[in-house]
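Read the structure below first, then the notes.
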């Protein structure tokens, strides 16, 4: 059997998002290679077991529980619903994915998202600390929703990154107040290899109680690895996942893919690749005289462009507005991924000229 | 790129379930062929649009809404939660998948599963009618959960099949009482091509208000096509799916797969293949003198075997018990699928000899 | 203090239920006497504190937490939702109030009611034990709803009573399997003083992990006392109650009423009174030659009467059918309460003659 | 009928809230007078029927459905959960009771509270309109929670009042966008009789689709009248109320109380009384030189007082801080009700002197 790649040269250069292509070829090969094997379902197979071990190793967390789920909203909902007690809510940035773009999945599972102001997508430990202290100082706090955990994204929805120091402060604040820290790592690969990134997966595993390492945006067809280091927080994960409709029948597809990501340094290479191209893209934009509006060291880049430039670019390049279209200029977002090529950037540079 | 199939000859012959292999090769090829294309996410792509049209055609339901989801429990939950009003429950057989094997997903979304006795997995229109009439005759019915819809599986969890006449009676009963009929078609392919099957997808579409055509057990890596013929029942499906964590980011993967299933008669061929092998298997068993305990015309077959035979078979053939192991004999289930081969049956026959 | 009662002599004698009148006069007097006092809300007042102490004393459970709620369905839902983890369900008799007559309140809070067959409303420890053992023996149990607690009613919906020995067996079975026992005591007063009752509130508190002592049917305008003896099971009861919309603003009304019930032996007198009249009623029926269909020692009595007798009685006596009206005879239920009078029984006897 | 009131002269003058006393005497008398009557339960009695008619009359809404519930959080949750579809949320002021002080009851029923900035507790029609227009203009709106209804309180949590014009603008905005307007009238009596109030209950009924008239804070022991003028929005209210654990067994207690409130102008007298005393109180404060910080025409009054004054007052007068205690001065809230007396104000005046 041969595989032909239909790649239409006429297709625009696309920087809309990091989930536009299928899987990285090394991942796809593994899926193809194992396709006709017959295994037990629901993740109870050897591929999942092996991938769990690889993820634990990558996190220097030999005792963590790892469970593979299909998508991000699903993973956030299962984790948050599993961690929180009935009367508790989850603290998050106003810009947090769970607060904005999950169609109320957290609320549908019964919990309030308690929002805090943010700075380019990031929360400060001080703000979290103040919120919790003021909450318990309020005489009516028993009538309000108690903050039962903290949700942050690393990288954030704005492409920004918490430094190791900031992560340590957030973790310390959470644990001082006896609530767990949960990290949404949908784009973790692009954070780990970001310019100036000073944290590792082992740091994440040490500082967070529960987190997930995203596959969907970082090389797999789909799939996220939920990692539970504080295991008493999320016991009985299996029925919880099933109850949320989040258990993949052919669970091994997740194990196979994460095995590919973590077996041979692919996850790191994917991160490096996308970040390198994001830097090229940003420098090209800057070189062309356009303002970089958020200092993002990761695969998402934000620029202020004259509307006429946007319109001209859109003839051959796709990318999104970030916020509404302004009168004469607008902010736009460009996203790179493992599937972006140097040729894409070259062509963009040409067009920018 | 080459694809090698790792098929270990030492591996046991497996009849445990119909979701042990990856995807049918014709499906896989399409996934591979389209892998590097860049498309918009969440099912808003051309592959999904084309697959919707194909599914509608297959169902002779040009105006139906089709939405592709990842798995069965998820699809059932989204559909049932979307259809029911807050105070309503869903009628189902005591053996129905939603009543038994979904870890309380329906209840987690707030609805009671109202169970009825069944006959080899099937409900009778009379029982449904009686239940509803008695419910409303009860003076305290306002304190009880109102039956808001009917759930059946075709084929059932016991491999049995409703005849067209039985489907028509169930549909008429539902509509007489003004509740919708929902059909779980996780194994629909194996029902449509079952021995003596007298119904078509067009019948299903005509008689049910909402139903789903299963991909996971019938040729895809994953995926179910939810078909809404009574469209006013399930408006705003998109945010509902998203809220349930059931929206696949790379939605086109579903479109591509269902396009493969329904573009070239593959779905029918898959059904025929598995049923033919199931019949071969059953006749082999019967020929060997073993009792067939459920008259199933589909890909699931149930036998009563002496425990010593079970133990001997288990040395090289995998299959499940159906219920607890008895003292001297037990009931077991054998399942075929598109991935079962004639060689599998040949080898089983040899072992049985 | 004077209270005039508007009691229309034309009104029928009523045996429909035990919640047809307002409050016992001793309760009402206390409400009236304290009406103009100004206290803090939400149960943080001295009346609630005192009533808690009285309830704890009555239960010989000095360390129990007591919380007063408004109604039974509410109390069951708060307790069960608070005790269960997300993926767990509650075991109950098929006839249990939560399984039948709470409009799906338990499911609306996300949990399945796992039903067991019963004998006149009662469960056997053996059946509970078998259910749990078989559940965990099933290979697919992770896909099913785990039994997370046991619910029983004492007295049951059939007026029957568990003996001390039966309660001990149920409690032992629960604790052997590490699940809590919850007792719905909506009619507890009528059980404690039932003919041949061999258990006390102290037994209930010792054997159950959580239970409630009903006020609504036993002398108050409304109100149930939720008693948590296994306190780690239900921490943060206050916000849970508030979240369920079950927190009474003028919480002291509950404290005042339960103070009246438990301050001066009123709860016991109420139980004795209603049971004595139920026995009179039963003997009158038996004397008139009618069959007693359930051996109930409490305030609910069940008879098989010819339809013509029912119709004649209904001219001046109200009571409910228990099940559908039969062809020539039917089963009916008569309920006494603290508000039933000897004159009511006298008049019934006359009519029966 | 005589009622003796135990009124401890030592008790402080209390302005903490409007739910500190029991029921207005005219309400209590009716409860006492009807106490021994035997009626059917769950609100199916003549007292409820009569009270419904009175409420409809008071609202000039003869065709409205009226249902009596026990408390405010409960009423809000039932109404909002009943109105919204699964994927929808409710718009409210950031200061709205449902957004702050209901322990996440709305989220526990599955819905997000979408908050808008407010001005002293009030929303503007412009802000509501902008929010909805911008929501649907956002390309990702299908991933966000759709605004499915608007919640406002009249009077607001800050004691302020929407003018008739403002109510009309909000109603028009809602209906332009095809979402219902829901009004929380926990303190409606004190709004209707507020200084300068230019709206009537008939206006409320005409402009809102659903609203409730509060009893708990306005003369009853407990109870709120939910009024549904747009009846197709909330069908099957009975099982919904039951499912929420909000159905009072002795439902007639609510009918009797609301019959008392609305039968003889009591509701109006209660409003007038509390507002008159609030004005006296405010003028006394102003006369004593203290700043009125919110222009409230209703029974809640807010002042900025030097901490030393607060401390001195607190020796004999109870009232709450509004926000944290400042360094040298703080904002405090005084609340009057039907139970506040002219003597209370006289004594406060004396102390202020």
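Every chain is named by a letter (A, B, C and D) in the order it is written, and numbering of its residues begins at 1.
Everything below uses one rule, namely that contacts are C-beta pairs under 8 Å (C-beta built on N, C-alpha and C of every residue); 3 or more make two chains touch, one makes a residue touch a chain.
Values in this document were obtained by computation on a predicted structure and should not be read as measured data.
Visitor: State which chains count as neighbours of chain C and simultaneously of chain D.
Guide: Touches both chain C and chain D: A, B.
Visitor: Could you see whether A-C or B-C has the larger number of C-beta contact pairs?
Guide: B-C
Visitor: Approximately how many whole Å separate the CA-defined centres of chain B and chain C?
Guide: 43
Visitor: Taking the mean of the CA coordinates per chain, how far is chain A from chain B in Å?
Guide: 33
Visitor: Return the distance between the CA-based centres of chain A and chain C, expressed in whole Å.
Guide: That pair's centroid distance is 51 Å.
Visitor: Which residues does chain D have that touch at least 2 chains other than itself?
Guide: In chain D, residues 86-87, 102-104, 108, 110, 142-143, 145, 239-240, 242-243 touch at least two other chains, as defined above.
Visitor: Could you draw the chains as nodes, link the ones that touch, and say if you get a line, ring, star, complete or other?
Guide: It is complete, because no pair of chains fails to touch.
Visitor: Contact residues on chain B for chain D in the complex?
Guide: Listed in rising order, the residues are 81-82, 85-87, 110, 142-143, 145-146, 236, 238-240, 242-243.
Visitor: What residues of chain B sit close enough to touch chain A in their complex?
Guide: Residues 1-8, 11, 14, 16-17, 19-23, 25, 28-29, 31-41, 70-78, 102-105, 108, 216-217, 221-222, 239-240, 242-250, 253, 339.
Visitor: Report the residues of chain B in contact with chain C in the complex, numbered from low to high.
Guide: 86-87, 89, 100-104, 107-113, 134, 137, 139-140, 142-145, 320, 324
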